[in-house]
Structures are given as structure tokens and as C-alpha cells.
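First chain A sits with chain B, and in the next complex the same chain sits with chain C.
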Partner chain A sequence: MENKNLREEIIRRSGVNPLKCMRCGKCSGTCPAYDEMEYHPHQFVYMVETGDIEPLMNSKSLYKCLTCFACVDRCPRGVEPAKLIESVRLSVIRQQGNNHLNTDTIPDIIDEEMPQQAIVTALRKYNK
Partner chain B sequence: MKVSYFPGCTLRTKAKQLDKYARRAAEALGVELEEIENWQCCGGAFTTSTDEIATKLSSVRALNEAKVKGQPLLSVCSACHNVLKQTNDAMKNNADFAFKANNYCEFEENYAGETEVIHYLELLRDKIGFDKVKEAVKNPLTGKKVAAYYGCLLLRPGKVLQMDDVENPTIMEDFIRALGADPVVYPYRNECCGGYVVMDDKESAKKKSSKVLESARLAGAEIVLTACPLCKYNLEKSGMDMPVVYLTELLAEALGVKED
Partner chain C sequence: MQRIGVFVCWCGSNIAGTVDVQAVAEALKTEPGVVFSTNYQYMCSQAGQDIMKQAIKEHNLTGVVVCSCSPRMHETTFRKTAAAAGLNPYMVEIANIREQCSWVHKDMPTGTEKAIILGKAAIAKVNLNTPLTPGESPVTKRALVIGGGIAGIQTALDIADAGFEVDIVEKKPTIGGKMAQIDKTFPTLDCAACILTPKMVDVAQNEKIRIFSYAEVTDVKGFVGNFTATIKKKARYVKEDVCTGCGICTEKCPQKKVPNEFNLGMDNRRAVYIPFAQAVPKVATIDPDHCTMLKTGKCGVCAKVCTAGAIDYTQKDEFIEENYGAIVVATGYNPISMDKFDEFAYNQSKDVITSLEYERLMNAAGPTAGKLLRPSDGKHPHTIVFVQCVGSRCSACDEKGKEYCSKICCMYTAKHAMLTRDKYPDTDVYVFYIDVRTPGKSFDEFYRRAVEDYGVHYIKGMVGKVMPEGDQLKVRASDLLANKQINIDADLVVLAAAIEPDKSARPLATMLTASMDTNDFFTEAHPKLRPVESPTAGVFLSGACQGPRDIPETVAQAGAAASKVIGLLAKDKLTCNPCVASSNEIMCNGCSSCANVCPYGAITYVEKEFRQPDRTTLVRRVASVNEAVCQGCGCCTVVCPSGAMDLKGFANNQIMSEVDAICK
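Entry: the complex of A and B
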């Protein structure tokens, strides 16, 4: 997909308006996955806005987000960065062969106590 | 009082105690739980993307069944509650999504978010009343220092979940007080346990859950209370020495209906 279309698709699907962002960084400051992310929530907002999307699509940051909504509820401008991150992730995993979780490995990941909830949620977030 | 009940996949398997004690305590408090017929897994997480329809239909069906019965829809698992509540909000406020979902489901009458979605804690606070819960307590947990763990799913997004103040919640602390115990408030009570990321990166989840338990320990907690099977799993796997208990189990204990 051409970059401009991709940008529009990601924004439309997320329902987020990145132009509302005032770049205060509060979303990244509160993000529990901050240390593990190469691109942080406020960078997702900025980079989607400017159409710099490829690096985001290739980044492991997409799979570090916990969907905990801390950035959503703590953003003073109501930008909802988590929804943009999810939308970028969907642009990746909806492509053929781009599932993030290899289902063959699941038996090795789980143990006796692991709740089903962990598996279904991971499949929903990581795979299509 | 009768309410529709959505147990969810994990309450049938790895979190049977969460379900069992929820049913027992409800009975002791005079509430009848009518299980949704043929309910299907909520999927564990709500996909925020507006173009995602199929993954939300199991929730729409459960919501509609409760509507037809004229009952609120209750769940105990934080994740089920979160997904049902967010799906209901989308059915109410996103016309495009509601149109497509209704087209798939073909209900007799279109579903438009009419059902009241409540978490077990809200049943206790808003339908029964914590004062009534307190009166029904047979074994008060006097002196027990209990730390409520909200995590993320019970409260956020606050705009939709509307259970409590997202940064200064009190519902679980009030619940703990009703049981006669002492609530312990600590900074990480509404931070994420690591969630489903445990499937991708166990160390990453462990980092988050040990921060939560360390925070509770420093505040003087003896036990940590949760409504979420995945929170319980992650917290227990953190390797910290702190018991993590389902809130329904503590409730059943206080009401004197825990033992068979």
C-alpha cells in the first residue's frame, strides 16, 4: 500500500486524531512497557502523523504494548495512543504470514496454571 | 434479584474457584445468577479498531440475551467484563459497527446497547449494597491487611468502564472494609501485571508483576486481592512471597460459605 493510503487507513481504523497531540510525553512517561520499547507511545503518535510508518511496522514495540490503557486515560488531550499502536499492529499482522505468535510453540510456553485467558488474548492481539 | 451471568472460558477451567465462590456468595446474598445459554469466549481483549466486527459478536449475543430477559449482565473476570462493557459501548455509540454487528446476528430486534453491564463488585456495591454485605458477614476478617489489585481492565478506559475514579478508586477498598478487613492502599494497585505479554516474553511480564507485589508489600499487605485469572497467574509467577486471592473467595470466607 502506498504510504499516504496506509497512513490514512491506520488513522481511520484507530479512530484517533494524532493532530490533537501536544507532545507532552505523558503517555510515554506512564507506559509500563516504556523500557522495552524502541518507539514509545508519543513517538507512535508523531510518526503516524508524519507518515513515518515503516519503522513502526518493523518494530518489536508493537508487541510490547500491554493494552493497559494507561496512556489512554492519562493523556491530557484525549489522544488515545494505544489505539494507534493497535492499528499499526493490525496493518502488520493482517498481512498473510505475519502472525507474531507461532502457534506450534504454544505447548512449550504454557504450564499447568496458565489460564486460557492468556492464550486467547495473546492470539487476539498477536495473530489473525 | 435475578441477573444474567457470563462466566467466561477461564472460569470453567483454570479459575474454577473464582466462579464457584461467586455463585455461592451470590446465593448467600439472595441473588440468582442465570447463566447465559451457550455463551462463547469473549476473546480476552477488546480490539479497539473500529473495523473489527467478527471478534466482538460473542459479546453482542450475550448482551442481547440479557436484554431479552430484561436483566443486567454480570461477570466476575475483569477481562470478560472489560470486553462486554466496551462492546456494549460500541453498540450504543458507533452506528456503523452496530449496523454491521446487527446484520450478522439477525436478532428479532436490533441490539443498541440497552443492557446494563455490571461487574461483580458493582453488583455488591450498587445492587446489594456494601452495608448489606457487611450485615451478612459471619466471619469478619478483622485485622487482615488486604491490598486490592485493580490492574488495568477493571478501570480502563475510564470513559467507558465507569466503575470508579481511574486514579483513586475506592470500590475494592470499600469491599474489603465490608468484610471487616483493613484495606492497604499502594501506588501500583492500578498498574498492569504484564497481561498477555507473558505469552511472548515471560521476563517482561515478571518485571511488571513483581513491581506490583513489591509495592503492596512495602505498604504492609498480607494478601493481595484480584478479580482476574491472568493477573493472579502473573503475580504468582513473579516469584514474590505474597498470597494472591480471588475476591470472591475472600467474600465466601467472610460470609461463611467457603467450605463444602
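Entry: the complex of A and C
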């Protein structure tokens, strides 16, 4: 039941309807971070659809997505896998509890090495 | 006062499941004019019809209300039943308590309440019905076929075979259409030209068939049995009846750099050309956009070399008007533009081509004389990647792709892959697919042969990106079954582009007042039971203008459309719909509003003398409706400012009394 709520929340927050997916695999065919990932974009969509979310939340794949949006751009069904990945990422962060960032600390953390997605996530954390 | 009988149908449990039919029959018994009310399990059955006939006679009914399914299903049935019992068939009204009530409601009380209201409305209307008598109109015994591809050719041949005259209007210089460009046909691998060109010759030799090639239909007026079409014969600057098709002009023309549309721009033709060797009619055409003589007045080589004296630079577009009894639309399809698919690099590399271009590359009459050579450097490709569903099944973006499955791509891709492996066994062939859809006689066996006997690599997954690098194409794709991303260095990439209706279809549909779906495919009158007729009477559909289909289906549909046309042309007279507009001349102020909105041109104006109260006469301009042309759409009744226009059978007071009955 908890899983079902989590699934609903991820879907609602992302605005993505995983049922639109026709399993063509174009997202995974186009993903530049594919080889780094344990679960690939098309698997993300399928696993959220079937409520198999725990493995996703525990996977490093969440942080390998570059948020380049190639999958969103090329998906023929308008599924937008990257938004779904971002939504799962948020679920992890929100479950982590009271580890919000201070406004003052953010500029110190940001350096040139930091991936764009981490900056976005950091800001989301602050927002919460 | 009418004497009305009400018949409530159960339609098995279709209606009775959610509507208390007994209660409806009871409730309607007390409505004004109702003298008889009953319910029965299947009103459309013989027994049900007998109940109606008996009631009409026993109770001297003057009007009938049937509470049943949609009038589209059984209105004709019940009208015939009433007529058999001696009642005017237009005294029958249907209250649709199935599609508009029982099927959309879930609980019995609300369903029953609504059924009663719908019944009351129909009763209110019948109270104001008047008996109507349909007129008759003659039938012009000639058919027009728009489009000269395999669909149009087959339809024309079948109609002509029954002894009726047919005209084919084809916008290109030759008939033949897409099939003429195709190399081989699946699943038997017959040479397309070998099976098409005999039919083209049959058309040319058939005395009943006239071909207007390089021509377009620019206007259509009239109605079923009596259409008048304006055909624009574009100037081809060659006298069609004089040209012998010897082709010497096409060899001598100095303008050699015109992209050859028959080979999809992969080679060049001259400014004066015959599209291909077996063209029908085999007549040269001068392309005015590229002819030096027509553009600058200096050249005239073709006129000098033509021994027949067929060249005529002064030719002008010619408009002719012809009468037809029936029109068949066979406008066909085109592959969609690949411009928006940047990820496949179609515009960046010459070696990324569409499947239709691949057909030409494989064809003996194509730009490479049948040798499989890359368009960029003329080398033999050793690794070929086929990408299926390019723009098909795409719901993400209307401008990019089409939501429907293009249906033919799975089979022609299997054909291309198989033929390539057969002719060039040293070639690696990959096919990326989402689903392989092969429903059809011997279709799946054909696809399996490509895999099992010819060693074509079928990979479930989609190509994400094609990157030209040096003289190769880096293809990145997913292999979903192996759960891998794969990279292939390909020499040639072939895109199975989605197909869409020809651009000429939309304006044609407007001319014919024929309806289309959101994809610009023509809509059939009924998706199951009237698949080759347009909802517009006298307009029939043949081939891919109605939806994606392959050659066997197109030929079958062409024959079906022809048989419908023959059925129409075989009649000497057609019964008109009596529910047409009429003008009350006393109230008409001659403002022309109705004539301006009439889509059929059914309204004209006449000068009439009217007697004034002071005994003088006054000549006034009033509207007059041609009842044979009017289709009863009712536009005129809506715009008429004085309320003079009214529709028989759907009069303003009838509609208002229905509304009153519902709101009471």
C-alpha cells in the first residue's frame, strides 16, 4: 500500500503518465549516460508503472541521469522519462528528513566539478 | 389532432437493462395525441414489426413513435413497416433511448426518467409532422475517378467492365501512382511494374475510360447522380494527340539538371520528360519551371527535333466541365517529410534515405540501374540499418509524426531486408523494430523467412541517434531484449517513414463536402458496414485516401467501391430526400443570406408578383429552393432573418415543441 502511494506521488509530481509508453526503447537508445546506469530510462518508466520503486530509490542510476532531456525530446509518445527520474530522486531526498541546506552554505558547495543535476537537486533541497 | 402509437423497444437487455421499458410505455400513454402505447423485446424483429402494423390498422394511427436505437440503425426499417401498413413513412419518429440513454446511464431511475423525456419530445414532434413525398432525380451514367494510382486504375477498370463510362483525373503526367515507383511487392515478390503496367495499358485501351493526366479537379457542384466537375488540364506544352512518345525530345533537351521526381530526386531528368518507360499516356511533358524556352524564349530544341510537330509553347491551362453520376476519391498517400527528425540525420547525410528512395535504388529503372550503391559515393554498402516506425505511432508531437500505425512498413522493410540479403549476402542487415505487425495472408511467414532463411538481424528497440562521421553513420540504439545500448557503424540507414494522405485530399474534401478525420484521411459512412462509401451520397472511397493500406487491400477496396458505383449508375432515377428546405414567399425579404450559406448552391432567386392589401401588385425578389439539389442540412433556416426558410420534417416549430417537451 505504501508502495502504491509512493507510485502515485511520483507520477503526480512528475506529471508523467507511464501508461503512454509503448516500449520502443528510443529513450534508452538515445541516452548518453546509458552505460553508467544500472536501470536504464525505459526500465525506469516500466518499474514506476508496475510500482517496483524500491530498487530505483536505492540505485545509483538516479544520480547518473544528466537531465539532458534527450529522452524527453525524442520519445514518440511524449512520456518524458527524465521527469520521472527526477521525481523518484525527489522522493529519496524528501524521505531523508531534516538535512535541508542553509541558504548560506549553497554557494560554498557549488564548484566547477559539480554536475548540473546536483545543483538543481541542492536547490530543491533548500526549497523544502 | 394526431392519433399516435408509441412502441418502446427493449433491445434485449441493451435498453431494458437500464431503462424500465414498462414504465416508459405507461408514462407516454397519457401524452397528448397518444392513443396506443406498448413495449416489446425486439421491435425490429418480424414479430415487433407485425405489432406495429396491426396497431396502425386497429387504432387508425396517424403517427408513430418508436423508442429504440439510433435512427441511423432502424429508421428506414420502421418507415418501411409504417408504409406497409398504409401510413406515410415520414410520420414515423425515433426516440433514441439506446445510444443516447441506456448505454450512457448506469442506474435504472435516471435512465427511465430520461427515456420518458426523450419519448415525450418525439411525440411532440410527431404531433406537428406532415406527410412528405420524396421526389425523383435522374442519374448521369458516368463516373469520375480522382487519382490514377492502383486504386483509381482498378476502380475505373471495374466500372468500365460493367459498361459505364469512367474518367480518371490524375495530377501527374502519367497514371500509375506509387505502385509504379515500387520495385517488388510483398509477400510474393512479384515485380510491381510487371503486374501494374498491364493494367495501365488496359486503362489506355479501354474505350469506356478517358484519362485526364496532368489535370486536377478544381470544382465540384451538384449532388448524387448529378455532379458537375470542373477539370483543369494543365498546359504540358505538348499536343497530347500528336506526340508519339518517341522520346527524342527528352534526349536532346539541353536542360539536364532537373531533379527527377520519379526517382525522388536521386538523379536528374530533362526539362521535357516522360516520367518512365511504361508511362500512360506515353506523352512528353515540358516542365515550365525549368524549360529555357518557356522562361527566356531562347532554345526551342525540342520543337526542332520533334518529327511529329507536337511541341506547342503557346499552350495554356484548359478548363473543362463534365457531368458525373458518381465520384470516386483515390488520391492516395505520400511518405511524411523527414525534416523534423534531426536525430536520424536525414538532412545531414545523403546515405540516410527513406524506404521509398530505397525502392528506387533497388529498381532496375532507378538511378543506379538496380545496383545497390550509396547515394553519397556510389560505393556498395556493407552494413545497412533499417529503422521502423519513423513518425508512425508518434503521439508526442503533431508536427513531427502521426499517431496511427502506417501498417505497410513492417512488411516492406522485411522485403527490403530480405532482397538485400538475397542479392548481396556479404551485407549485414539490421532492422530495429518496436513491434513486428504482420497480419495478412502469408505475411508473418514472409517476415520469419527474412529472419530464419536470410539472416536479417531483427533487434527489438529503437534507434536513438544517427551521427554521420567520416563516410560512415554511427547508429546508437537500444536492444531491449539484451538490455543493452548498441552502437553500429553503418554505411546506409533506411527510414521507414510514416505515410500521410496526399496534400490534395483536404481541398478536395471541401469541394465534395466529404468528411475527413483529424489525420486528413477520408471518413467512411460506417466503419464496419459501409467502408467504401463517404457519408456524402454519391462519393466513394478507394485506397489509401481512407487510411494506410497495402496493394491487395487497395485492389479489394477499389473493386468494392466500383461495385457501389455500378449499383448507383445502374439506376435510372434516384429517390430524393423529401426533408429539404422550403421558403415561405410571403415572409421572404430576398436578402440572400440563405443563398450565401448554402453549401450545395440549391437556392436561387426569382421575381414574383404579390398582391398588396390595397389591391395593387408588387414585384418582389424571393428565394426558391431546388429540391433536387438541397440536401436538407438546414444552414439556411438558421441564417434566415425573417424566419421564411424552413426545413420539411425538421421545421422550426417542430424543433421548438421538442425543446418545450423536454423542458416542461
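Keep in mind that, in the parts below, the second predicted complex is superposed on the first by the 95 of 128 C-alpha atoms of A that agree within 3 Å, B and C clash if a C-alpha of one lies under 4 Å from a C-alpha of the other, contacts with A are read in each partner's own complex, and residues count from 1 in each chain.
As a convention for this text, contacts are C-beta pairs under 8 Å (C-beta built on N, C-alpha and C of every residue); 3 or more make two chains touch, one makes a residue touch a chain.
Note that the structure is a prediction, hence the values are computed from the model and not measured.
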item: A:76 touches, of chain B and chain C: first, second, both or neither?; value: second
item: Touched partner set for A:20, first chain B, second chain C, both or neither; value: second
item: Contacts of A:90 with chain B and chain C, given as first, second, both or neither; value: first
item: Partner chain(s) touched by A:46 [first = chain B, second = chain C, both, neither]; value: neither
item: Which superposed partner A:28 touches (first chain B, second chain C, both, neither); value: second
item: Dominant contact partner of chain A by residue count, chain C or chain B; value: B
item: Touched partner set for A:117, first chain B, second chain C, both or neither; value: first
item: Chain A positions touched by chain B in one structure and by chain C in the second; value: 70
item: Touch list for chain A against partner chain B, complex; value: 12-15, 32-33, 36, 63-64, 66-70, 72-73, 80, 82-83, 86-87, 90, 100-101, 106, 109, 113-122, 124-126
item: Complex interface listing, chain B residues touching chain A; value: 8-10, 13-15, 41, 43-45, 47-52, 55, 77, 79, 152, 155-159, 166-167, 191-192, 194-201, 204, 208, 228-230, 232-233, 236-237
item: Touch list for chain C against partner chain A, complex; value: 343, 389, 393-397, 401, 434, 460-465, 476-480, 483, 485
item: Chain C-facing residues of chain A, complex; value: 20, 22-31, 34-35, 40, 42-43, 70, 74-78
